[in-house]
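Multiple structures follow.
What follows is chain A paired twice: with chain B in the first complex and chain C in the second.
Presenting the complex of A and B:
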């Protein structure tokens, strides 16, 4: 695979077997966990953080989230960019809180009182949201979509839903490429996005053509699947079993949760 | 914004949203026979991709939710289709929240399904049907998001009201785009609009 072609010239002199066994980057430890453990850990972490009601506990939850991000081998740049987008998003919802919750006034301007109570509450929500988002990126974001689908199946989600998820995940890429093609064709014909009725209609027609294309593709896919005896179930090919690493991970997480709970009640 | 992040809404609202979502998913999955599975999967991938298309509005831009279109094309099966879209968004972008998933799903999928079912009755005039379904689903989502915030505590009332205003441009864009989409479908692929919900 690309491991060889990307390796520096010196690496090529080593025997091919060693070159294959020495990947350029160390495999992140989280990727060695059973996908199920990661889904369950993500849900448990979110549940614990959501019920935290003190700012110190919520801030402390950022630490395990950051550790998870490190263990997952997330890249700092893109992760921070996504988190910033999320913060912007949350501040839109929270900016009214300091004015509506009362409490001691920090400062007032133009007849509006900036209250302490609301500021603390907004900070609490922002911290909780950030910790959970970071853990989702670490635990679920680095999972391949097919693996995630299989983990959901093994966690006994309805088979129809899992089949829907796995198929849809497969076709996101296909349709995105198709979208890029149509968009390029529009640009070649001088289309520039502007805030106008005409432009909205044109983009609407673009999506409409995507719908037509995807329905026709669905017909072909369905015919091919029927030919192969599809009866609504997809077979699971992976054979993951929770190992020692998974139980160790669960133990560490449990201790973390207990510490967070103690901190929250203290 | 249609997704409420984790940590905002209160536990009773979380439970109410989860209950509504479970009901909708049960109804939707029952209609999702193996024959309809590939098509529904393709459409849920499409709704995800379409949400990456940015429509310019003034100096800013909005992205489509396409709930109304999902409702028209899929009926109750729009529930699982939209759920898949939300899981994809969480997995690929880390967006959307975990515990609050049920609330977000109910807020988007319930108005989408109901407005879509309403739109189906107007299919004699496709562009009108598209516009009505789109506006209904966006307005419904706005109302439900504001309601989930307001029900979580009085202090969120102002935030909820402010949020409704941010949905007005989306409603206009979505109505125009959805009218164009359904109009196009009626001309190019009318059988797409004749599926049983």
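Presenting the complex of A and C:
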């Protein structure tokens, strides 16, 4: 009887879900937009929200962000989890602000003054962050990484950057499989992670192996690309053109931006 | 008048990092229509010979002539690569685009064909390897056998005259191997195959060359 069972290779092949990817049920309206429109819209929305300096305007920005999330068909559960992760990240800043910004004191406890100024500022940051994160998840998070890469290429981003992005998106999976294979081979020889020098060394070797392996693979991939005439430029096969839906979307967004600006200055 | 050989290597010396000698004065001629098996032990330098032929590495001494022209520098090899298709051992090295059609059209696009022409050549190549309709499949989610066939399509799409196949049947199951063999058997190109699969070599090739101690014989 064999005591070591090796998982089938297919079990290793579950692709690591990229942070930006999200499962979808129906084909939502946002997915019919040209990916370029979505990238530009996302940048514009983020820029407008960032320059808002009043709390009402920032809070109002949550509405279009929520509408985008609905149009993108985002699922409530995963979206909220992601937002919580982001807010958890900001919480330290948010909790120190009320104590450090001064202004009228709302209440005091243990010699610390909770100020109004800082509370408002913390609320502003939280609102802006949530609105932007929601729009990024709606507009970019539902794009396939390759689509995003192509959109960036068509927006005339440097070819090198785009090539790096597309290749990284493609080979993350290969790297992950390789990691899985090596880990499996280690386990098959009785390796169990512990806080010991031997263990740290072994993990070091694993990472080193992955780095060396990736470097060599990169060289082979580059060689294969050169053989097919690659000269640093990626030619794209598909042709997208912004259609009526894109222009309509742009118009609605522009009106939203103007309304937000008016609210901000009011 | 006789045609010049497709490839003519004379006294080729090649070593990695100076002291790891791979080829020590190898001579080799490949003529139009030949089907050659390249044999040799693991690490004998078979893959290196392929890489020398398409200029991925440059010999330290000796000469490489391809399609009648001497090739010394990277630029000399650009036209050679358009006419010589090299199939890599690991298809994951060769397929780097997200979708199948993009990968197969990559070569023709680099050759300067229009998008429509590149797409047409890609579709044709996919049909040739029996993968019509695979256009929008995601390359890294294909099976090993399918990856190998797509990799073959990527080089066939460039319409090469010579095919250099590095362990084409390696790692394929029986069905995938049989399918690949049927396709390879029907290809008109001049062929050179590295393989440890003797049955495959017997079926595909008519001449055997052995690489041993840095020299080619047979």
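Operating definition for what follows: the second predicted complex is superposed on the first by the 214 of 266 C-alpha atoms of A that agree within 3 Å, B and C clash if a C-alpha of one lies under 4 Å from a C-alpha of the other, contacts with A are read in each partner's own complex, and residues count from 1 in each chain.
By definition in this document, a contact is a pair of C-beta atoms (placed from the backbone, for glycine too) under 8 Å apart; a residue touches a chain by one contact, two chains touch by 3 or more.
Computed from a prediction, not measured in an experiment: that's the story for all the values here.
Of the two partner chains, chain B and chain C are each touched by A:225. Once the two complexes are laid over each other on the shared chain, residue contacts for A:168 go to chain B alone; chain C is not touched.
Contacts of A:89 after superposition: chain B is touched, whereas chain C is not reached. Measured by the number of chain A residues touched, the leading partner among chain B and chain C is B.
When the two structures are aligned on the shared chain, A:66 is found in touch with neither chain B nor chain C. Of the two partner chains placed around the shared chain by superposition, chain C is the only one that A:146 touches, whereas chain B remains out of contact.
Legend: residue contacts after superposition of the two complexes on their common chain; A:116 is shown touching neither chain B nor chain C. Judged by the touch definition given at the top, the superposed model places A:217 against both chain B and chain C. In the overlay built on the shared chain, the residue A:239 is in contact with chain C alone; chain B does not reach it.
Chain A residues 145, 167, 169-171, 174, 217, 221, 225, 230-231 lie at the interface with chain B in one structure and with chain C in the other. Within the complex formed with chain A, the residues of chain B that make contact are 1, 4-8, 11, 14, 25, 29, 32-35, 37-46, 48-50, 52-58, 61, 64, 66, 69, 73, 80-81, 83-85, 87-88, 90-95, 97-99, 149, 154-159, 162-163, 166, 173, 176-185, 188-189, 192.
Within the complex formed with chain B, the residues of chain A that make contact are 42-43, 46-47, 49-51, 82, 86, 89-90, 92-97, 99-101, 118, 121, 124-126, 128-129, 132-134, 136-137, 140-141, 143, 145, 148, 158, 160-161, 163-165, 167-172, 174-176, 179, 193-195, 197, 199-201, 203-212, 214-219, 221-222, 225, 230-232. Contacts from chain C toward chain A in the complex involve residues 51, 54, 56, 78, 81-82, 85-86, 88, 90, 92-94, 96-99, 101-102, 105-107, 109-111, 115, 118-119, 139-141, 154-155, 158.
Considering their complex, residues 15, 144-146, 149, 166-167, 169-171, 173-174, 217, 220-221, 223-231, 235, 237, 239 of chain A touch chain C.
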